[in-house]
Every structure is written in C-alpha cells, then in structure tokens.
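Letters are used for the chains, namely A, B and C, taken in the order the chains are written, and counting of residues starts over at 1 for each.
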Amino acid sequence: MPISIQVKNLRKTFDYFKKEPGLAGSFKSLFWREKLYNEALKGISFEIQEGELVGFLGPNGAGKTTTLKILSGILYPTGGEAVVIGHVPWKREPAYQKQFAIVMGQKNQLWWDLPAQESFTLNKEIYEIDTRVYKNNLDELIELFDIKELIDVPVRKLSMGQRMKCELAAALLHSPKVLFLDEPTIGLDIISQEKIRKYIEGYNRLKKTTVLLTSHYMRDVERLCKRVIVINNGVIIYDGLVEDLMNRYADYKTIRLRFSREYNENGLEKYGNVVERDGLNVVIKASKEDIAKHTAKILSEFPVEDLSVEDVEIEDVISKIFTG
Amino acid sequence: MELFTKSSAVRTFYEGVNILKTIRRYTGLYKAFLFQNLKEDMIYRSNFITLVVMDIAFVSISVVLFKIIFGHVNSIAGWTFHQSVILIGTVGIVREMAYLTFRRGFLELGNHIRTGTFDTFMVRPILPNIHLAFRHISLSESLGECIMGVILVVYGFMHLNTWSLLSIPLYVLFLINSLMVYYGFSLLINSIVFWVIKSQELNTIVYFFMETSRYPGDIFRGVGKILFTFIIPIGIIATAPASILTGRMGWKFAAISIIVGVSFLSTGLYVWKKSIEHYSSASG
Amino acid sequence: MKKYITLFHINWQNSLQYRFSLVIYIGGYSLYIGVLLYLWSAIYHEGQSVGNYTLQQLTTYYLLQLMINSIIFSYISWDVIDNIKNGLFSNFLTKPLDYYLYWFTINLSGKMLEALFVIIAAGGISFFVSDYIFFPEHLITLIYFIIAVGLGIVLAFEMDFCIGMITFWLTQVRTFKYMLQTLILFFAGAMLPLDLFPAYLAKIAEILPFRYLIFFPASIYLGKIDNPWLSFLLLIFWIIIFYVISRILLARGIKRYEAVGA
C-alpha cells in the first residue's frame, strides 16, 4: 500500500511572553517582557499508509493538535519534514487543500444561523465540486450519517452530537483522500460519542480514506483504530497496535463502589487491587476480562449502594509506559 | 526567434485564460456567499431597520456640522457647501462598497483568531483574505449611510454646473480607486493582529480613518499634505472622487491618487500574506 | 470605604491589560483632532474667521476637547449593559456592595488611567502646534478649570449610569445608547463650540445640562467666563438631580429585575 502521510523529525517551538503578577508587574510589562519558549513537538516521526485509520492519543497539551495543524498547513514547523499525499502541507497549495479535510471538535465551521444545507452548498462552490458528484456524495453522506431531518434546521438549534454529524458531512463532501479529526467526540454524551465513532468507522471502510484522529479518550481509539500513536510532551512514546497497548498497559478497568453500611473488608481483594479506601467508598482496579462477572459477584456479595465502571485514563497508561 | 514569440504568445494566452478562470471562479463564489449572508441578515430583520435609521441620523449630524461651519465661512480650502456635501456623500458610498466586500470580515477577524476559527480559512482552497471578506458580506451595515450618500451626492451635483459626459464613469473609477486605498489600509492595519495582539480594537483606527476622510484633502499643508496623502491617505478617499464631480480634478492629483491606490493595495496584500505566514509559524 | 479603594486598585491593574486598545483609541482620536486643526487652520489662512474665536483659541479648544473627552466622559454603561443582560447582576444582589458606588469607583479608576495616556497624547500634539496654544493668564482660571473638570466627571458618570439603567426596561438598549451618546457629544460641544451654533440651536444647548461636560470647562480655560460661581451652583444642582434619578432608576430596576428574573 502506498504511503499517505510521512512525517520525519518534526519539531515545533512556540514562544510567548511571561506574565508578571501585580500592579508593578503590569506596569513593567508595558516596556519590557520576558520571552519564554515551549517545545510542543520535539522531533516526531511516523508513516501512515493509505486507507489506514490511526489514533493519535495523548493528554491535553501533548502536541496532538499541533501535529494536526502542521499536517493541514495551518502551522509552519520549526524543523523537520512532512509530506501528505505528495504535498508539503504548509505550502497551502489549493491542489492539496482540495484533497484533505480537517474537523475540529470544538470549532464550528458551519454557518450558525442557517441550516447546514446552506453550508454544504457553499462548500460545493469553495471546493469546486462537480454538480453530479456533489449530489451523489451528499446523498451518500445523508444516508450514512442519518442526517436527512437535520440539514434543514438552523445549526444553532441542533444538539452537539447532531452538529458534529453535520460538521463531518460538510467536511467530506469533496471526498477528501485524507481526513484529520481533532477530538471529534469531545463534549458529547456517551450515546452520541458511540454514534460518531460508528460513522467514522463506516466512512473509512466505505471510502478507504486515510483518517488520523486525535483524542484523549482511550475509548475512541480502542473502538476505532487498529494502530495507535501515543504522544506525551512532544515525544512519541508508543507506536503500534492498539491491542498490544491495551494488553500491556490498559488491561484493567476501575470500579468505584459506595457501600450502604459496614462490610467485610477482606472479601474484596479477590476481585482486584483495592487502590483507594475511604470509609464506605472504595476504588478497585480489576482485570478487564472478568469485569462483568466480577461486578455481578460484588453486587450480590456486598451491600452496594452505588457502583460505576470506568475506562482507563490516558494519563495512567502513559505513566505505566514510563514505569514499564 | 519565431518559435520564441509563438511560445510566449501561447503562454500569454494561457495566462489570460487562467486570469479569466480565476475571475469567473471568484465572481461565482461572491454570488454564493452573498446569498448566504443575505439569508443570515434576514433572520435579524428588526436590527436592519434600526441600523438604517441610525446611519441616517449620523450622516445628518455631519451635514448639520458642515452647515453650521458654512454659516460662518464661504468655503473650506476652496470647497463650497454644495461641493462639501458631495464629500460627505462619497464617504457613505465608499463605506457601503466596503461593507459589500471586505469591511465586516476585518471586524470579525479578532474573534476568528481568538476562538481559533481563523484556522478554517487557512485550510480551504480560497485565499484567506478573500474567504474572510466573503464570509461576512453585509448589505445592511452601512446601507443607510449609502442611501444618504447618494442623495447628498446628487443634491450637491445638481447645484453645480460642472457636469460633463465623463464625470460619472470617472467618478466610479475613482470610487473603486478609493476602495483599493481603503482595502490596502485595512489589510495593513489588520496584519498587526498576526504579530502582536489579538485585538479587534485595531479597527478603531480604520474607523477614524474613514471618519476624518470627509474633510477635503486640500486643507492639509506641509508635512500634513505628505502624511495624509501617502501614509494615512485620508486626503484621497473622498476628495479624489468628489474632485471629479466638482470639476476640481487636475492631472497631478489624479495620477497621485491612482498611484497611492495601486501601491496601497499591493503593499497591503503583500504584508498580509507575510503576516499570515508569520501567524502560521508563531501562534498556537 | 476600604473595599472601594481596593476596587480602585484592582481595576487599575485590570485596565492596564487593555492599555493597547486605549492607546489605539487615543491615537485614533488624536488623528481626528489633528485633522480638525488642519481644517480650522485652512479656514483662517484663507482670511476667514469663525465667530469670536481666534485660531489660537480654536486650536486650544479642540486639544482641550481631546483631553476633557477622555477624562470626563464615562463609557461604563457598555459594561453595565452587559452586566445586567448576561445576568451577572444577580451576583451584586447577594454582595454587600453598592451598585452605584461600585461603578463610580470603576469609572473613576479607569478615567485616571486614561487621563495619564491622553495628557501624553495632547502634549505630543501641542508640541507640533505650540504657536497656537493658549495658556491662561491667571492661576485662578486654572483652579476653576480643575473644579469644573472634577464636577464634570461626576455628572458624566451619573448620566451614563442612568443610560445603563435603561437595560432593565429595554432590550435593544445598545442602539439607543449609541444614538443618545452622539446627541450628548453634539450638545456638549465636542464637535463645535456651542457659541458657534446658530441662535436656536445655541438656545437648546444652553438649557441642556450636557454643556457642562465639554463646553463649560473649555470656556473657563479660554478665559471666556470670568465668574463661574453661578454656573458651578447650577452644575451641582444638576449633579444632585441626576444622583436622585440614578438612585430611583436603580431601586426600580432592581425591583423589576427581581420580578422578571434573569
């Protein structure tokens, strides 16, 4: 398979000014400000094959969004190389711009007061999409994302999840060969998150579009991608199969429990590691495989008032990669 | 030799076709964006009427001020009352032309950068400055001033006998030239956003720029003449087109106006382009 | 009292963050004044004159206008409007802070900072037109001038506060305020000295209280008013009137706010 995205030793440094506290500080900064540097990317390299769906995982501020912005030509790197489908992104050639799309979870690209349909029509003009192709693509996307009822409603009246579906559709009208998704599920409720994931997966399977998606939810990546790149502090610390990552570093889930009365403390240990104990509240890390069986047992054996099962946090995975 | 001329002729032909294509593409885009903006305007129709009424009130105050001044004097730097009325009207017309093209885009630029939506303009296959401008075309923002402007220009013109066959097309030509000055100036000022501060107050300067341009350029002398012709060209915006209608235009001023128009537009576009490059290398 | 002093300090610090917009605004306004100076100088150089003003007096009038406009005129009603509209006003109802005094303090501290900047700007311009600047002969004139400016700050604040209060009753208050502000500036003498107005307009301006905001202090400075005491009394009278109106509007506004809810 041909290579779609190639990144070599990519670096990016931001500079900013120090903010001095207090009245004297504000006054001083009228005349003189100290410059500080922040290395957002410290030389990252990776390759992505055509049609791959790769997750880009890391905590906030790790460098995920910076990488996507460089690959879509919004940012100019401090050093290193990148080639996406034969183009250097930061040259911002229209020929390249017509072949990729970027969707940012929290940035609305649709016209707020108008129905999404209107933004679609504009995109047809902007991307110079042939009328027949446009019609086909639109029909296909409407069906795939199930947005027939939504595209005639003013965007401001849509829920977050509905809006994200329309955002995605708007970005895909010109059949991009590469799709960048920056936190596509951020701020959505669990059901909408799951739907968005389903649509992304479906589209990738149907169109063989290369998708690079950032997230700080483990679940996004676990559910969607075969391959994952984990980035922390501007350095890639893992690049490989999601399955391996999960098996090695995220093979457990967290069970939070609250009991209604005193209970037998020793009985819990057999279901997992008790990591926190505070009166009637207990947190257990339990092996993923038997999670259903174990929770059922806990429920039947203990006076449980409340119980929740949570996925592993990306921060935990990263600290685990570092500690081995 | 012949081969050379042929290939260069072919190249010129293709370039011509390309330019035509580009023009056609951008006119198409303009139309598409205009309709969307009109639809958006329609949603806030009540706003529309207040805007127009307010505009008319503001222009009236300008006229009253000139009227009061002319109660004391016969002319300002050689301009009579009826000639000055054309100046006021011309500012209104240039303003509306700007709102129909680029002006509101710059007013929204600060917001776009603060919230990060400016990134959208960088990934689309249209020039960012054109996309920004077309995204915010506004018909109503300055419509009242334009209506008043046309009335004032016609009123002033009727009281003068400087009419000639060329007046009107030349007036339109110099209006476009003034729009170029205005656009170039706006580009230069707004480019600062990408370097230092993400502030939309910068457009306060542009506002004062237009407010002060309704006084005749002839009032400036010495250093002021150079400053307000070449650096902050408020002596051109209204004065050049109005000079045509009032029969005051000389060859020298006409040439200077056009040179300032062309150089402001090209410098503005160049600095803007460099500034966007800086934005993409510095900002987060 | 102490809390208002603290507030004064904090707002100073806060305003410093907006120094750039302040500099831009004053820069733009100076440009406007500069152009007007060219306008008058062109008129006088054509051998014409305007009313009983010399070119020196007119130039000084506009420079004073530039300073007075920044020092006296209150613009806090923009913030008051926002504050009431987005419901932040509710916070005030729960705090031991007087809403009127709160904004009075904010306004005063902002004005002090602006004064600093604008005096620099006016100084810069007067350097270029130093031949055309008028200085009063007697120290007492300057003292009268400072008293007039001080009282003007209070009156301007009260008027602006009243405009802000309208938000309780009117949703489209921003447009309304914009119109009102232009009208006030016009009748305060911001664009032209009021004694240059034609008789009927001058009469209206004479009755309205807005003249105390620009025209009155500027006229004192130019030595056109020898005995300003009667005017001072009238000005204080207006201050009391507007204080009472502010208080009534605030009290009624709070009642309405509580009834309608935010």
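One rule holds for everything that comes next: a residue touches a chain if its C-beta (ideal position, glycine included) is under 8 Å from a C-beta of that chain, and two chains touch if they have at least 3 such contacts.
On a predicted model such as this, the values are computed, not experimentally measured, just so you know.
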By mean Cα position, the chain sitting nearest the middle: B
Pair of chains joined by more contacts [C-beta pairs], A-B or B-C: B-C
CA centroid of chain A to CA centroid of chain C, Å: 52
Cα-centroid distance, chain B relative to chain C, in whole angstrom: 32
Interchain centroid distance [CA atoms averaged], chain A/chain B, Å: 43
In the complex, chain B residues that touch chain C: 50, 54, 57-58, 61, 65, 68-69, 71-78, 197, 199, 201-202, 204-205, 207-209, 211-212, 215, 218-221, 224, 228, 232, 234
Complex interface listing, chain C residues touching chain B: 20-21, 24-25, 27-29, 31-32, 34-36, 38-39, 41-43, 46, 48-51, 172, 175, 178-179, 182, 186, 191-192, 196-198, 201
Chain B to chain A touching residues, read off their complex: 25, 28-29, 32-33, 36, 39-40, 43, 115-117, 119-120, 122-126, 131, 277, 280-284
Residues of chain A that touch chain B when the two form their complex: 14-15, 40, 66, 69, 72-76, 78, 90, 92, 94, 97-98, 100-102, 104, 107-109, 111, 113-114, 118, 121-122, 125-128
